[in-house]
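Next come two complexes, and both contain subunit A; in the first it sits with subunit B, in the second with subunit C.
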Partner chain A sequence: MLETEELRKVYKGTAAVDSVNLFLEKGESVGLLGPNGAGKSTTISMIASLIAPSAGDVRLNGKSVLKHPNEIRKVLGIVPQEIALYPELTAFENLKFFGRIYGLKGEALSRRVQEVLKLLGLEDRQKDLVKTYSGGMKRRINIGAALLHQPEILIMDEPTVGIDPQSRSYILDTVRKLNEEKGMTVLYTSHYMEEVERLCDRVYIMDHGKVIASGTKDELKSILSGEEAILVEMDRDYPGLVKELEADEAILQTIEIDKGLKLIVPKGSRLLGKIFQAAERHGAQISNITVQVPTLEDVFLHLTGRKLRD
Partner chain B sequence: MLSFILKDLKIMARDRTELLVLLLMPLILIGILGFALRGMFEGNTAALEMEVALVQLDDEEAGIEAFIEDLEESGAPDEQVQALGNAARDISPSRLLMAMFENDELEEIIAIVETDQETAESYVRNEEVAAVLTIPEHFTYDSLRKMMLDEGEGSSLALTVTEYGSLRASIFNDVISQFVRELNFETAIAQAYGGGLPLGEEAETGGRESATAADPVSSMQYYALGMAVMFVLYVSSTLSSKAFVEKKQHVFYRILLTGTHPVTYLSGKFISASLIAFLQLAILFSLSAIVFQAFTFHSINFWLGMAGISAALSLCVGALAALLTALVVRYNNDAISSIFSGGVVSLFAFVGGSFFPTDNMPAFFNFIGSWTPNGAGLAAYVQWLQGYETSVIMGSLLRIAVATVIIIVVSLLIFPRRRSTIV
Partner chain C sequence: MKSIYLHQWQRFRRAPMLVVSFFLLTVVFVFTLAGFQSDDKFTVLAFVKEGSSDQAAEEWSDRLNESEGMFFDLREEEEVREMMRDGRTNFALAVGDSDYRMVVAAEDANLITVESYTAQVFREEFRLKQAEEAGGENIREDIQSSLEDPVLTVTTETIQGAEGTFVYDNQIQTLFGMTLFFSIYTMIFSLMNVTEEKRTGTWDRLIVSPLKKSQMYIGHFLYCFTVGYAQIVVIFLLFKYGLGFDLGGNFPAILIVVGCYAFAIVALGTLLMGLVKSSQQLQAVIPIVATAMAMLGGAFWPIEIVTNNIVLFLSQGMPILYALDALKSIAIYGRGLADLAQPLSILILFGVVCMGVGVNLMERRG
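Up next, the complex of A and B:
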């Protein structure tokens, strides 16, 4: 129902978003995965027609959004990356204000505000000023404000940044509920691959303004089907050891992690012995070694040579 | 739109620091300045006392006689000649002028010294008098002919001012101009009735009021008004700062997401600021009346006038808020609000006369001051307090209205209307 066509945004000569093609089918839950600066927020602002694209178009049911920006606003609920609320107003007052400017009135408005508060589990605290809220509660109200007008499509821009695990879990459950029970179409942006793995059917991976891979989770992981990851944990870092392994042709990729290494190797290659020997030569003490099936994180790593979160 | 305004009011009411700045600070200053500078205003008339030399070259009685003789020679019926003759005695300009100087209020400050031309000139050289008023030869005769028969060129009073531009000189000048204006007004009426009406009555109309004859303004009143018009300006920078916070906190982004037109947002700021400014003025004036007895309950009419002036001023403050908001949003920088509240307001307050009356300042200074919203507002309030007619106050109100319209137009030009350029 929603698609972008060769969407592009250039800031001072560099493309923040570069020929991005995305589509969302009704009822789908789609993930948009990418590190900071990948161009996710810019893409979303263009979909919401708050930023004019340098090129390309956004279509809602085949109709250009650029030409009819108000049509998409009715069906679109956007959760901005930042908390976009008045700290000096209560949660109730914030929702009431935004509900009103969405055109809700009187009884319907009050009812809707209470529904949203209930959905987000904040009925009890609705009379408190937002500035007294925890990060997680603010995030929840931030989502609530995008749900007031009952949008068909919910676009969330990193809605769980910097919050406690409990709130995060609550938010993920709420999004799943909206998607599965209310049939809401969801585009979920994150740089936490666990969230996207848990919530989304289909995933786009963005980096440097470009979509570098897309497909269902399984399709993406099959990129790595011939590979596996060996996680080596040690007592400290051994730069010499890293150099030696990097030089080894049998190892596809060597990534340093805190007090350890992650090695991408062809599936079934018997490299463990080699690794132990090398470690011994460098005097490294291995505390743990695991062989992992690939995650989306590994897919990203494979595609870009970098981790999602630096 | 209403939701924007309610939201702004609510946020304002919860901001204790802003409330202190907008309400408590001016009240404290009114108290301090009002008490400390009491002398400056209540010694008012003493400071204005002046001596004026009067050179009388006219012989009033001879003038009236000559005028009546003319009438007789014209062959008019006897009764008419007699009626006009009597009227001439009643409205003889010389007599009216003298009567005016003997008026209680003027007598307190203006001492008239009758003298001959030469002495008067030496007075002027030595600056012993504030002004010299010369009544020319045949003044009575020429004036009466012009006034009652519309014949001849009339006559004019000659005024020599010693310290040009001084407060005293300008007050005396005002007194004389006012007199002449009334005289001309009466002349016009007299002529409209064909000169045949009982002119004695007409001469009494239009009570004589002038700058010095108006109700004096106390220091408490002056500073209650002066501080109010100064601090009301802070409303605009407060609101533009809040607009910047809205942008920084991304609620502006969310507001645009709802499909709200940017101009709706700007209009909301205009109205909110106007309302807040009006409330602030109302609270300040009420508290000044209660706490400092700055104003008494004159009459409903008095307070209606105050409300009218406040409304005009508040709309101008609303326009300023819109202008600052437009700048802040466009350049994504709150420095403009700080510059306004940190510098422009003080400068405006200074030239607009919030700290001291600017009558003695150079004309250019006063011109600038009269075009600042606070300066024009203060002038209107003071004039209203002194019981001036509405037409006098309209001048100041018109300047405020012109400024308001210009500022609104400029804000609309500056404010980015395309959503894509805002975020």
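Up next, the complex of A and C:
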């Protein structure tokens, strides 16, 4: 349905997006995962025809979006990262305006606005000014503004940044509903691994402007199929212990976390005894030790050596 | 375009303070600086001299009131003397059948001027009467027609132009100057909605909609134009009908000039938006540009009194100069649209160039 071909964007000699190839099938929910500055927003801006790529193309049903931007604009709903609304207007007025620019009018427009408000759970607050809303409510209206014309493709750029867990959960449920019940194709960008894991069938992992891995969640996790993670929680940080474990050839990767360590080790390796002995040598008190199955976060760590939110 | 235009009005309805404040500022400034001078003639109290006829006094009063600077108010002698006793007037004129007398209660700076003018009128009238008595029955008509169609016209010119071509009307100067000046703020600040939309991301939302960019720009420009145009016209109407300002007899021509000016200012705002990087910068630039333009373009004082060649040269680049020139031509000199082709063409050309460059710069910046 939608694909990018060697998409590239260069700003002042630096490639913000470098030869990105991705595709979305109709009705799919695809995640674009990567840390801040990975090039996710630039990629979706090029897909949405907001900025022109330096090279490459975006194709919708085989047609170049660069040459025919209106083709994608008709079927695309975009939820920007920022709250792109008019705070001095009510939620109803905001949605009505965004519906009107897509050609909706009269009774059909009012009906559609009410449907969207119902979907977002904001029917009761529709006559309140957006500036009086909480962050989570603003985020919901921000999504609603992209849904009025019932788009076939919904692109969401980190739609849950800076909101409370309850609103976040509501938004994720709404996106899942749109994808599963309405058959909307979703491209969801985030640096929250758990959101992408919860919502998306397939995932593209981006870093430094490039897609470094892609596939279904299971496919990606299978990158680490020969490995497992040991999470060691301690009373404080012990730099000497870290150094010793890093030097151990049996441990593939040692990552410092808050008051603890994450060790990537070959699956089935019996290293727990070794870890306890080393901790004792450095006077470290281990409060908890867990052997984890790999997550997308671990995959990202494995691929880049960095955490998603570094 | 229509949805963008109507949307701006909806936003205006929710936040009208900006436009309303500049509207009120204009009214206050014009009213304070020129509103109290709707009858700027100096009033001289007069009464009929004892033993003289009322009719003769009235005739003298009519003759004296041909003055552009003085108004002779003929009242009862008792009333005038009462006012002099109360100190409400320092002197008065007692008008006789063929003479007059100044009745002075206290020294007054205007006394000499009034007396000199009165003496001149009486002298002229006596001369005319003498000429009539000498057989020239139609002497008054002959003199009048000779004045209207002189055999010989002497024109004195200075380097700046024909002497006597500049008529200064404080009311008109203040009304036009202040209204056009404050409307710059209204229009360009309203245009800041575009930079604000770009900052908040709603502009991007509009770009990915089926709307064309040209429709988005035109919707905004049209709104700013309408707000500025309406502000200027409402203020002109308010002072014309509310306070009796004389704007001449060709109001439709004034509407056309205002339209050209509003277009030029919206275009200037577009250019400024293209030149600056943020709405904060634009907020800082607007007062500088507006005030400089008003000072150089003759909004605060008539450009006709400026003699500095550099200032006069710079003023040529200010749209407000051409708008004021055109408006004063209509209101003071009674000229029609045909005489205003040059200033109006310059305003439109200025607008087209600024808008073209401004939109181009904004689009390049993205």
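The rule is simple: the second predicted complex is superposed on the first by the 310 of 310 C-alpha atoms of A that agree within 3 Å, B and C clash if a C-alpha of one lies under 4 Å from a C-alpha of the other, contacts with A are read in each partner's own complex, and residues count from 1 in each chain.
In this section, contacts are C-beta pairs under 8 Å (C-beta built on N, C-alpha and C of every residue); 3 or more make two chains touch, one makes a residue touch a chain.
Treat the numbers as computed from the prediction; the structure is a model and nothing was measured.
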{"item": "Fit or clash between subunit C and subunit B when superposed on subunit A", "value": "clash"}
{"item": "First, second, both or neither for A:70, with subunit B first and subunit C second", "value": "both"}
{"item": "Touching partner for A:42 - first (subunit B), second (subunit C), both, neither", "value": "neither"}
{"item": "Contacts of A:80 with subunit B and subunit C, given as first, second, both or neither", "value": "both"}
{"item": "Subunit B versus subunit C as contact partner of A:100, first or second or both or neither", "value": "both"}
{"item": "Location of subunit B clashes with subunit C - one stretch out of 75-83, 93-101 or 129-137", "value": "93-101"}
{"item": "Intersection of subunit A interface sets (partners subunit B, subunit C)", "value": "45, 48-51, 70, 73-74, 76, 78, 80, 82-86, 88-89, 93, 97-98, 100-102, 145-146"}
{"item": "Contacting residues of subunit A [partner subunit C, same complex]", "value": "45, 48-51, 70, 73-74, 76, 78, 80-86, 88-89, 93, 97-98, 100-103, 129, 145-146"}
{"item": "For the subunit C and subunit A complex, residues of the former touching the latter", "value": "3-4, 7, 10-11, 14-15, 200-202, 204-211, 366"}
{"item": "Residues of subunit A that touch subunit B when the two form their complex", "value": "45, 48-52, 69-70, 73-74, 76, 78, 80, 82-89, 93, 97-98, 100-102, 145-146, 149"}
{"item": "Residues of subunit B touching subunit A in the complex", "value": "3-4, 7, 10-11, 14-15, 246, 249-251, 253-260, 418-420, 422-423"}
